[in-house]
Each structure stands twice: as C-alpha cells, then as structure tokens.
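The letters A, B, C, D and E name the chains in turn, as written, and every chain counts its residues from 1.
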Amino acid sequence: SGLTGGGGGQSTDSGTDGGGSSGDVEIDYWMYFGAQENKEMTQLVEEFNSQDNGIHVNKQSVPFPEFLNKLFTAVNSGNAPHVASYYGSYGRHLEPITHPIDDYLSDGAKNEYFDIAWNNLQVDGSTYALPIDIHGKALYTNDDVLESAGVDPNFDDWDAFSSACDTIVSDTESRAFSFINWKVGQAAFRAYIIALEQAGGQVVTGEPGSYEVAYDDDVGMQTAEMMAKITGEYGWDTSQFQSDAARVQDFISGDLGMFIAGTWSVNNFENEDGNLPEDLSFSFEKPFMFPGDGEDVAWCESNSLYFPKNANHTDAEKQAAVEFAEYVTQNNTLWASAGGHLPAAKSVATSSEVKNTDLWQKYGTIQTMYEMVTNKQVRYQPQTSVHINSDRFWGPFLDMYLQNTDVQSGVTASADALSQALNQ
Amino acid sequence: MSNVETTGTRSPSRWERLFDRSTRELLVGMLFAAPYLVLFSVFLLYPLLKGLYMSLHEWNFLEPSKSTFVGLENYTRLLEDPAFWNALWNTLEFVGLTVPLIVGISLVLALGLNKELVGSRVLQFVYFSPYVLTVSVVGIVWAQMFAQGGVGTQYLGWLFEGSPLNSKFWAMPAIVVTTVWWQAGFYFAVLLAARQNVPARLYEAARLDGAGPWRMFRDVTLPHMKNALLFVVIASTIFQFQVFGQPYLMTKGGPVGSTETLVYYLYELGFQTRELGFGAAVGYTLLLILVGVSMLNYVLVGTNDE
Amino acid sequence: MSNADSTQSVLNRVTDRDVLRRIGLYAVMYGLAIVFFVPYWRMFQLSVTPMSVLSQGGFHWIPPELTFAVWQRYLLQEPIIYQWAFNTFLVASITTAIVLVVDSMIAFSITRLDWPGQGIILAVIMASFMIPGYVNIIPLYTLINDLGLMNSYWAIILPFAAGPLGVFLLVQFFRDIPEELEEAARLDGFSSLRIYARIILPLSTPILTALGLFVFIWSWNQFLWPLIVLNDDALYTLPIGVVTLRDVNALAPNVIMTSLALASLPLFIVFLLFQDKLISSVQMQAGTG
Amino acid sequence: MSGITIDNVRKEYDSDAGTIRAVDDVSLDVADGEFLTIVGPSGSGKSTLLRMIAGLEDITDGEIRIGETVVNDIAPQNRGVAMVFQNYALYPHMSVRQNMSYGLKLTTDLGSDEIRRRVESTAEMMGIGDLLDKKPNNLSGGQQQRVATGRAIVRQPDVFLFDEPLSNLDAKLRLHMRTELQRIQDELDTTSVYVTHDQSEAMTMSDRIVILSEGTIQQVGTPAEVYAEPVNRFVADFIGSPSMNFFDVRLENGVLQGADFDYEIPSGLASTVEANRTAENLVLGIRPEHVSVDTEGEETVTATLDVLEHEGSDNYLYLSNGDTEWTVRVDGSTRFEWGESVEFTLPAEHLHVFDGETGENLVADEGATATTDGSSVTASVRE
Amino acid sequence: MSGITIDNVRKEYDSDAGTIRAVDDVSLDVADGEFLTIVGPSGSGKSTLLRMIAGLEDITDGEIRIGETVVNDIAPQNRGVAMVFQNYALYPHMSVRQNMSYGLKLTTDLGSDEIRRRVESTAEMMGIGDLLDKKPNNLSGGQQQRVATGRAIVRQPDVFLFDEPLSNLDAKLRLHMRTELQRIQDELDTTSVYVTHDQSEAMTMSDRIVILSEGTIQQVGTPAEVYAEPVNRFVADFIGSPSMNFFDVRLENGVLQGADFDYEIPSGLASTVEANRTAENLVLGIRPEHVSVDTEGEETVTATLDVLEHEGSDNYLYLSNGDTEWTVRVDGSTRFEWGESVEFTLPAEHLHVFDGETGENLVADEGATATTDGSSVTASVRE
C-alpha cells in the first residue's frame, strides 16, 4: 500500500492474499488476532479466497489495544471495513456502528451454532454478528506439581481446594494457585465473574440497556476479599507480577501449581517450534471450587464477526460479507485444532477432526469446554453499552490482587467508575 | 571599455513596470512562505483553535453536529476528577525526579568527557546513543530489566521485593531511571558543547590568580555554562511533562494509577473512552500548565541575563 | 576539544594527586559507561538465549547456550520487520524532505525578503514553539479523520512537518549569512528564486544536514501518533510494530529482544555514520533555545 | 562610462526609536573617470549613500543619475554598476571562475566562450589566473580581495563601487592592495566611488575626498585641500594621523591665550579671526608635523617631554605643560631625554583657528566651497 | 622585583605530524625593571616562550629563573608573575572589582579592606575608577584592556607578561594604549615581557627587542640597533614599515650589479663584504626613507614613477626600472608627476649587504652580538 493505504471501501490492498479474479466483490476484513490465531485466521481467509465464489477478502491486522478505537474512527470517517472481529457480548457497545444482518443470513443459519452463542449476539431482536468460537476460563493444573504434593485435582468444594493449596505450599517449592493468568484488568474481571456467580452474586442487575452495578454488595465484596487473600492471608500466590505473562511462565516451569486461564492459553505454552513442551503434563478442570451457593457456571466469550456501517458498501458487498462470515464460522476446524478454541458451530465442534486433536483427547481443554457448554455451565458477561472490559473498571481488581489497594476501596472505585459510565 | 557588451544601464523590465518594488517583494515573499503557512495553519493552528472549541462541548464523536455546548463544564468536571489530580501529581513527581537527575548526570558526563580521555569517542557513543532509540524499544527493554530475571530485580530486588513496576512506590522511580538513561545523552551533548566553549584563556587567568579545581569550576565553568544549563532545565522540564510512552509500555499507568500521567490520562479519555470534549479540556489544561512553566522559566532566564 | 591545550598543560604536571584524580575520572566515566551499556547487553544477550534456558528462570550475564534461531527467523523467514523498516524509512524520508524544502522556503522569505507582516507571522510561528505536541492530539485526530487521512502516511507526515523547529533553526542560520552575499548576487542579476536555490541553500548545508538528521530521527521514532492513526499492520512503522510483536510474543523474551534489536539497528547505523553531525545538530538546537 | 549625479538625496530608516536620517540631503557630482572617496566615522552614512547608488537601498528623497539616466527605479543589476564589498561577498561554494562569470551569464548575452575569455583575461590582469578553479575559502585574504575586484572588473561596468574593500586585510597587505587598486583604476579609468573610514586610505588613493558626518557632507576636495584647509574642526580632526593638536583659547589683542600658554599671532591672521568668529571661545589647531622645534622664531612654547616614541625614521614627542598635552613629530635623528624641557614654535602658515561654537575654520582659504550645515555641496574635479 | 634568566630553554609539542619544536634552545636575560618585547611572525614561538615563563606550559628542556629562583617546577600562581592576555580573559560574570580582587583574595592574606583599597587605587590609576561595578561585557575594548592591565598591576607582581594585549583594539586606540602602557611601566618600573607581532609596537615601546623566527632568536637589541643594524635579512625585512627594498646583486670590482642597475660602493664597504661573504650572490638592502632624491652624489639610479601615495606629510613613491621596483619616501611637499623619471642615490652609510646563502648582514657593525643559528644570545640593557 502506498501513502494513502487506508482508503475507502474499495481497498487496494493485495499484498497478503492471492488475487481473486477482477470481477470479484472485494471485502475488507479487520481482525485483532495475534500469534497462532492470526496464522489460522489467515489460513481460513486464504481458503475462502481460493474458492471460486466471486468474493475476495482483504484482511488487515489491527492491534488489539487500539482495535475498538480504530473501528469507531473508521466508521465515523466512512472508511469502515465490511467485517470486523470483536467479542460477541459487545453487541450493544458496537450497535451504533454496525448493522444487523438478518436480511443477509442464509436460511437456518441460526441452527448451525450453539444456542448460547447465537443468543448472545442478539440485540433487541436483531442479529449483529456471527460467532467464531466459544472460549472460556477454567482451572489449569500442573500435574507434576500436584503429584509431588500428593494432591488430587478433583476439587468439589472450597475446602478441598484450600487444603490442596495449603498442601502444595507446604510440601513443595511451588506456589499453589494464581487467580489470574495475565497482568491485565480484563483477566481479573473474567476470573472474578466465575467466583462471583458461584458465590451467588452478579456483576450487574437489570436488563440490558438499564443495568445497575451489583458487585459492590456483600457477596461481591466477600468474593473480592477471597481473591485478595490468595496473595495475602492464604499465601498461595505472590503479589508480584514480574512480567505481563509471568504466571504462564511460572506454570510451565512448575513454579506454580494451578491457575485460572482460558482454553486458548495452551497457545502460550508452546515453545519456539510451536509444540507443547514434552515434559509438561497438565490438565484443564472445570473451575467450580469457589465458595458460596451460587450456580456452578464459568465465564465464556465468543470471538465474533461484526458488520460495521459504511455508506459506501453496496448490498452485494454486505451479502458477500455475511457469506464470508458464515464460511469462516462454520468451516473452522483449524480454530480448534491449532487455536485451542471450541468452535461455535455445533457440527464443527463435534467433527472428528476436532475430537481427534490432542487438545480434546490428551489435555482435554476443548472437551471440557464442550461439556460445560452443553451442560449450560458457562455464561457470557453482561451486554453493556460501555466498553466493560476496560482497565478503567478492572484495574482496581488487579491492584487488589497485587495488594496495592485494600478491597473496600478497590471495589468501590471500580463500581463507581462503572456506574458512572453506565449512567452516561 | 567602449566596445560591446558593457553592463550599461537598462530600462526596467515588464515585471518591474507591472508592480512596484514592494508589491513584487510581497508576491515573491508570499510564494515562498505559502507552503509552510498552509501546513502550519491546517495542522497546528487550526487544531489548536478547534481544541478550544471542542473543550467547551460535550463532543459527539460519531456525529459531531450533535455535540452540545456545555460551557466550562468540562473544566469544572476536570477539577473535580480525582484522576486528574492524581495524574497531575504523578507528572509532577516524574518531572521533579527526572529533571534533576538528567541535569546532574549529563553535567557529570559532559565535564568528564571534556577532559581528554582514552576512548572518549566510544564513551560519547555509549552515553548518547540511547537517545536515538524509540520509546518502544526503551520501554520494553527496561520493563525487562525490571522484570523477573532482569538486572534491576536481580541486584536491587531487596529494595522493592520483586519488581519495582509492581510497587506503588517504586514504579515511578523505575520509569524515571528508564527516562534518564534514554534522555541524558541529549543533554550531555548540549552541555559538552557549552563546556568546550568556555575560553581556555580564562582557566589560565584563573590559574595565575591562584584558583584550584573547585574554584575554577565555580567561578569559570559554571557561570559560562549557565545558559546551557538553563536550556537543559527548561527543555527537559517541558519534554518530560509530556511523558507517555514509558508508563504506557511499562506499567499501563499502574499500580493503582501511580504512574498514570497527564498525557496518559489524556490518551485514555481521547482514545479509549472517546470523551473528546473532556479530553480536549485536559489538553488545554496541559497547555496552560506548560505555558506557565515556560513563562516561569523565561522570567528566570530574563532576570539572570545581564 | 578546543581547550585541550590548557587541560593538557595542567595535567602534564605529573604529581601523585593528578594521577589519583585521573584514575578517579576514568573510574567514574567508564563506570557510568558500563551502566549505560547494560540495557544494550541485556537486549542482545536475551535475544540469543534459547527458551529452554529462559524458562528455567535464573539470571545470567552470559547465557550457557546460544541460539541465533530468532535472528534467523526475523531476518530470513518473516519479512515483516523489513516491511516495517521500509515504511518507517519512507515516512521519515518524506517528512524530512518536506521539512527541509518548506521550512527553508519560508525562512528565506522571512529573513531575506521584505514584505509587510512577516514579523507577525514569524512571531506566531515562534510562539507555537511553546505548544507541546501532545496537547493538540485530540483535535488533530478529528481533523485527520475529517480529511480522510486515517491509516495513511500523510496523517503522520503532515502534522509533523507543520512543526516550527525547522523554521526557527533556519531563520537563525539564514540571518547570519552575510547580507553582502545576497547583495552581490542581486548586482549580478540573480532572481529571488536563484538566490534561494544557488546561494542560500548551498551555503546552509551544515544546518540543513543537522536539521534533516534531527527530523529524520524524530520522525523515525514517533510512537503515540502513528499508534493512533495507523490501522494496518502492513503499514506499521517499526516503533509500533515492535510493540505489537511484544503483545503477540509476550512470553518469549528472546523473540521480543530480537525484534527490538532489529528495530534499533537502522538508527544505530545512522548514528555510527553521522555521530559528529548528529551531536552537533543537537547542539545547534540547544543554541537556539 | 559615465559620471554620477546625486541630487538632494535623503535616506530615512524607520526604527523603534523613530526615524533615523542616515543620509541627509546630499548633493554631489562624480565626474566620468574620477576616483572619489567617501570617508567618515562609523555610522556617518557612507555605506548607505553607496548602496543607494548601487540600488540596494531605496532612495527616500532626491534623485540619483548615472550618466543621463535617473536610476531611482532601476533594479541593481540594470544600473551598470559593480560593487566590491568589505567581506568580499564571494560565493563560497563556487569556484573563482564561477564567481567571476555568474554576473556576465545572467546580465549579458555573451556566449560561454566569450565569458570564459573575459574571465581569464581579467584574472590574468589581477594575478589570479592560476586560482580560477579554487574555492574562495582556500584563498588568502589578499587573493580573495583580488577575486572580488576581478568579479567587479570583468563586468566592465560604468561605475565601480567599493565599500571598505581593504579593511579585512592586515596592515602590510592593505598598503600593497591600495597601490594595486590605484594602478587598476588608472588603467581602466572607470568612475569609482570608494568608501572607507580610514583617512589615510582616502588621502593616498583619491582624486577627491568627501567627508561625511552624521549623514551630511562636511567637505569635498582634493586630498591636499582637505589636509591643508579643513573647513571645520571635524575635518581637521578626522584627517591626518596622529590627529591635530587642539587647544581651547581666547584671542586677546592678537594673543592666543590657552590654559597653559600664550601665543602671539600675526595681526593679519588675528583680524581674519575676529572678522569671522561667532563666539568668544576659539579652538587653536596645529598638526604634530607642523610644530617646529627649530626655536628660531621669537614666540615659543615650552613643555616637558613625557614619552618619546621612535617610529621608523621619525620620533614622536608627547609633551605637556600643566594640563595641556602636545604631540610633536620630529626627525628620528634628533635626540631628546625623558623629562627634558622642549621649546617650540607654531608656524603661522600652519595654524588653524576654529570657532568655538560652529567649529568652522575661521582662517581657511576660500578655495574649496563647503558647509557644515548639510546644504548642497559642489566641487569641481581636480585635473 | 626581579630579572628573568632563560637558559637553553626548549619546548616541544607532540602532534600527529610528529614533534613540533616551538621554542628552540633560547637563552635570554631580562634585567630587573626592563621592558623587553618579543616580536616575530605568527607561529614563531612568542606565546610559547611567554607561557613558559608564566608556568602555563611545561618546559621541555632548560631552565627559567625569576630573580634567583628556578621556577621550572613552581606553580604559576607562585611565580610572582601577572599576565595580560590578548582577549583580556576577564571573568565575564564578575564585576570589574571582582575581576581585579580575585587574585588577591586567593593568593594573599590581605584583608578585604586592604584589597578594596588596593583595587580602588589601581583602578584610579588606570582611569577605570568609575567602572568598578560594571561587567566586562558592558565595557568598550579599550576599557576592557585597562581592566585586564589593572588586574595584573593590582597584584604587584615581580614580572608583567603581556601577550599581544593591544591587538584587539582599533588603530587609534592601539596607538593611545601604547603610550598609556609605557607610562605605567615607567611609573611602576616592573620587569615586563611583551609579546607582539607588530614591529611598530615593538619599536615604540621597548627597552630591548627580541626577534624570534621559527623558535630561535634572530637578534636582541635596542630598537635603534635592530633598525639600524639588522644582523640578517630576516630582521631587516621584519623591522620597519614599509619594508626595506631588497635587490639581488653581485659584487664586481666594487660595483653592485643588479638586474636593472649598477651602483658603485665605497671600497671600504666592498672589502668588508668580500671578507665576510660565503656566497657569490648577495642581496642589497636599503630602507625607503634612506633613499635620497637629492641627486648630489655622482652615483645615481633612475626609475620611473608608477604611483605616488600621499600620506600625511610624506609622499611614498613607487618606482620601477625594468623588473626592479623601488619604494621611496620623500617629503610631502616635493612634487612629482606620474610617469616622471626620478633620479636618486643610495647613501653608503645606510646600505645593507646580505649574504645570498646565510642571509647574514655582511656590513653590520659588531655592536650587538647576535647569531642566526639559535645559539645563545646575550645583550646588555640600554640605559
């Protein structure tokens, strides 16, 4: 691309994808995927382009931290792409800049996906996106560590879990358990939801569109306290974070027995050659050990494809965009085998290619996720109209966990900021 | 000299007859000035005015025409926002720590390198070269230095129990150290030039007058470097006031907002939550602060010049 | 070192105290140099340390094993860094060229031609010196957006080229070019354009080189603004490219450090080639302050 | 080739402190082929006047003609003038050849062969034939000066203008270049206006000298005239080195009464003074070389020797009586002792008496017409 | 107060191009109270020699004594010297008062009252009493010069050292400050060593002059001696302005045969030349002021007038016959026409004949001992 590489709908970009024939409908696609996921998505796009269907997709990588911002600007300046990836539960937030696709969907598309994923994409009765996957967070255990402490990784309740943690701390050199996997507010938010719901609490109450902050009640406060005690009183984890990804590092090297992380986190275990380390044995357990008498549910999310507004887009292009999205969301076995995600399309999720992967068979990450989805043990975060994952709201939780702030003021600061944003 | 082609007086040309001298100068002058003036007015002056305008509105990003005029509300909100005061305080802390360190270290480097040393070119390279690095390289390398297994934690870990970037107290000093490493070379070069411009004769006169090394420094070197030192103080103050890259890359403003600086705050408002009107008000406030700082400095310089 | 002669004669008087002082000086200067050098060493050292060593934890000044796999990967297999380097080079070169041409033209017009209002215009430009770049980013962002320049290099180049530093430096320099030279040229029949192109510009090569180097480096190293206005990773410049590489490779210090080292390399080479010019350009800048 | 006529020319600059009148109502004729020097202290308006002739400054008021043409509105390059600047103003990035040929290229239709020929023959004449391909920075001061002069000559202008062309050279070279410039002017016979603040340069080089002060002409005349018959104290002081001795005196009965001496003057002289003077107080002036230590006259002054300076074949005596100090030049062979009393006379034919108020020379002959109040001055050219 | 003895002193600098011998085996006595001037062209080692006396440069070889003390290893501030620099080297941020008292404060035990008194009386003497509270940058060049001199005087040193102290002043002021410095030295009677490259300054100011060239002493003597009896062609050329006329000649039967003239010289002179000379070719020298246009002698030379320069009361004639050029000074009242033939004589008592190889003056009287090969030179002080 030249100096004016941005351009409008008719992108001139042709670097990465083989050319479609000149009569093709050209589609721009923005995605934020990095590392493994980027490779696989690229492969999917190439696959799609190589089909003789009169559509050509130009993909662009946009860095995640700036993604939303850039998308808003692009829509605003009339430069938006036809398709853009984002979280499924962001429908309300993205609603002003995307358009519903019900008119363009092929018949029965709805039935291709797990219901929970499909329903999550509805805003006021319209479909705003198609889901690529359902990814969730659960409990990774390093089996070597657990073994050397003589601990069995089936935790039914908080007591069993706590004593296991105490044993690990006392009997091994390793730390027992980290509540978060990445030094970022979003990781704390996602893990907190799991514990909060098991304790019977909620992030917000009310209906989409009129949410009220709820986690500043007793349950929310107690759950936050539990979280902070992991690095405090309990001594299961250190309040230091040596780098953004330090917990992953510790887990692989056996310095950490267990942590809450996503299905896709296995990607981060890979070494330079793209393989999982041979001497690492781990499993992926349902994270239903937190105290309280709420429901046993875990947090989940879907990478999804949205359709930004752009007055320059023709109807044919919009149609082609949806066609492309259906293809990518319904033919993505790679997304599981290499990306570590549970595909959101039922038939893909249960295909033999997916079921035969190590991740399903040996490590059980995708399998566990599949079970939780089919057992209705996962739940999406609230569909707020604000950018709820922002550090503005969840930074305080990270700070509580790192013992940089006390629980009371951390929760209050977080809740105040979110309330204020929700009421704007 | 009576032959051909002497440079005799000639009559005025057409261009000369068409416009008088001052009109011609004006036309030619504007022709030369125009390209920059266009750039300047479009990309500097206009945004400056527009920023003021935006700061008086609740700015609708998607549909600017739906922005509503709110008067000074953004400014009053700003003054009531604890995050603003936190960012201001953090920025002052950063500047207050960084500027003296930069001045001190660059002065030491400049005075030392003014002597003839074996390998002075190499030394100069080492001191100055960090300045040509981009903030992303600097920030990431130093984040590593202060992370697990990094040099900083390895040797100074006892100070801050693990990584300083995790500590409310030490995160800012860590960013300060990073910045000093990055920037000191620039000011070192400035001060070195100033030192080398001190007339050698003065040291000889001072020697004959019986001055020792300290006296020479105090009575000859320092007074001569005064203007350069003032430049260093002013320039680094203004530049460091705008610190953004280091906290963005090293701490994301944390822990507990202890490294959230004014520009970082501005960036979040403008580009994360897209409250552009409010962000513009922050920008203007920053401008006022910096103009105040410069004024103060100019006053200081002014009274010091004889 | 203009006053080396005096220092020399002072230091030649070999007494014990002078020797001690000299040893102390070397200790301080080389000590500081080593401290300054540590980050470079760590960057290089980590870039050649294999993951197997890194995941053990532990601290090394010299890694027990070496691998150049990551260097190979970025130098040979994944061309993205070349792409970014090219982009950065393009942006920095165009910016530099525009600044040199446009700034020298207006500086010429202000110092060498005589027209009403030039004083006021110069004053306004100089006053804008006080406006720090970041203050303007929000309105500038909406402007770039309105102009449809998002995700294009002009979005980086044009605002940068509007800065007053070059005008400031060149006005100072042009003023010091003897007026007689221009008058001699006028008597010789030079037009204004010819005086600009044939007299002023050739005479200003030192300052133009200095300014050019400076602008080039600044532009090369821009971070926040390209981060905001560029969307497409194929369009990225090195400084933001390496940050996204970090986000993607957060686990692998050797990968990150290699990319950082590669990103720093071009300017390091420039610096090595132009050390004196660059340093004197810094000093010129200060001279105007 | 042509003369220059300057008619009631005025130049005002606007500055913060109000209007500066740099040149005030100056009128002057320069004859065809004449070598005219303008001298005066710094800031007296010499350069301004020259630059108005060149066209580098606008003329506020009045008219300048070169030959028959009024040039007020003609661009510099079209006036047929060439100028040599104090700092030579050579284009430092061009070779000597380029420096010399540029003006020809731009202002004439000459072919490049012809230009080459002219440049080379001029360079030969200036003795810089072997420097043609060097850059000015590689030349010595004297060589640069020659190039600058050559650049002016090669254009074969009607008028040469020089603005302190020698002041950047060291003393010896300056002396040498004076001679050289004179030789060239003799040869080319081109009308020349030469600005300097060095009176000795002016005295040695010119056909006529114009003495400027504060923008107005003080006197115009040949070197001999302005030396021997300065019209006022300013000129008397400015011309000659060391300067004329001045003493505040009164005239009583034909006796000049100074603070520390009395001196009787011839009655003819005394009555001329009486006739012309406007004030009670007068100033007596006599040049150091005119004081005579041959004490043959009956009227003498006595003073004590403070310092004796031996310069070449001359001795300078610095004498004092009371608060009055005398500088006297005597022959180098004369012997004096420090502290000795020296007796000397003031030959009447060399005495100048100035009016204490107007500064006018009360005993000047009427040869050169001149005024001190800025009104017009015309003088005929010496043959 | 004390004299200075310089004994076989050498100074070498190491440079990239090898060792530079800046001062080569110089020996010299400066008497107590003497005013000695060192002259020589640029790079001849004047400053280096002076700075070794001051202690600002190490002495490579040899010995320097001030009074009875060998100072080679004594720090500058303890040598009892004070120095005045070319650019004055005033501390720009200190007031005149502070500049002057700084050395006293650091090197003496004087109370601040006493220092104040001394500074003020010195300032009075230098005529800068009312400038004491100004900063140097606000002073004129002449005032700065006075402050720099005052700063040296106030320390009441045994020895004053001056390194071209007047060369930054303009011509008139330079003349004036010469006289002033002489007066001060007469008054204080402090041993002074004064470096200049300006021979006229050296001639007018000094008790004795040392002429340096390429680090070696050419001649030491009073101004009159070096003017009248230069030991070699270098000195003859360097001293005097305008320079001596030189002509390549041979001596045949008592007749000097130049390219364009023959001139018979007295037989005594001829035989002295014959006795001393080492080479066939000789150089005849005569100063412009010694050429005589009174054509009374029978032996004359004739040449054509090219240029006449009128300077003050003198005329300089630039004459030529063939390729030989003559500069002649005559009285200002003598009239000559351009192109006229001028006949003149060369008085034998003013003729110099130099050896074509060694440059030595073959007819110099034996008054001043001097050599050209750098071996030691001693000369007694003129009274």
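Everything that follows uses one rule, which is that a contact is a pair of C-beta atoms (placed from the backbone, for glycine too) under 8 Å apart; a residue touches a chain by one contact, two chains touch by 3 or more.
Remember, predicted model here, so these are calculated numbers, not experimental data.
Please find the path from chain A to chain C through touching chains that uses the fewest steps, and give that number.
The fewest touching-chain steps linking chain A to chain C number 1.
So if I look at the partners of chain B and the partners of chain D, which chains show up in both lists?
A chain counts here if it touches both chain B and chain D, which gives C, E.
So which chain is farthest from chain D, going by the mean of the CA atoms in each chain?
Taking each chain's C-alpha mean as its centre, the farthest from chain D is A.
Between which chains do we find the greatest number of C-beta pairs in contact?
More C-beta pairs are in contact between B-C than between any other chains.
Looking at CA centres, what chain is most distant from chain E?
So the chain farthest away from chain E turns out to be A.
Can you give the whole-Å distance between the Cα centres of chain B and chain C?
So the centroids are 14 Å from each other.
Nearest whole angstrom, what separates the Cα centre of chain A from the Cα centre of chain D?
About 92 Å separates the centre of chain A from that of chain D.
Between chain B and chain E, what is the separation of their C-alpha centroids in Å?
That pair's centroid distance is 55 Å.
Going through chain A residue by residue, note those that touch at least 2 other chains and give them in order.
Where chain A meets two or more other chains at a single residue, that happens at 66, 69, 76, 243, 249.
Where in chain E do residues touch at least two different other chains?
56
Among the residues of chain C, which ones contact at least 2 other chains?
6, 57, 141, 228, 240, 243
Quick one: in the complex, what on chain B touches chain C?
Residues of chain B touching chain C: 22, 25-26, 28-33, 35-37, 39-40, 42-48, 50-51, 54, 64, 105, 108-109, 112-117, 121-130, 132-137, 140-142, 144-145, 148-151, 154, 181, 186, 189-190, 192-194, 196-201, 203-204, 207, 228, 231-232, 234-235, 238, 241-242, 244-245, 248-249, 263, 266-267, 270-271, 276, 279-280, 283-284, 286-287, 290-291, 294.
Please give the residue numbers of chain C that touch chain D in the complex, ascending.
178, 180-181, 183-190, 194, 198-199, 202-203
Please give the residue numbers of chain C that touch chain B in the complex, ascending.
Interface residues on chain C, with respect to chain B: 1-8, 10-11, 25-26, 28-30, 32-33, 36-39, 42-43, 46, 54, 57-59, 98, 101-103, 105-106, 108-110, 113-116, 118, 121, 124-125, 128, 130-143, 158-159, 161-164, 167, 192, 196, 217, 220-224, 228, 238-240, 242-243, 246, 253, 256-257, 260, 263-264, 267-268, 270-272, 275, 278-280, 282-283, 286-287, 289.
Flag every residue of chain B that touches chain E in the complex, lowest number first.
Within the complex, chain B touches chain E at residues 199, 201-202, 204-211, 215, 219-220, 223-224, 226, 306.
Report the residues of chain E in contact with chain D in the complex, numbered from low to high.
171-172, 175, 178-179, 182-183, 186, 198, 200, 203-204, 223-224, 227, 240-243, 287, 289-290, 306-307, 309-313, 316, 318, 329, 338
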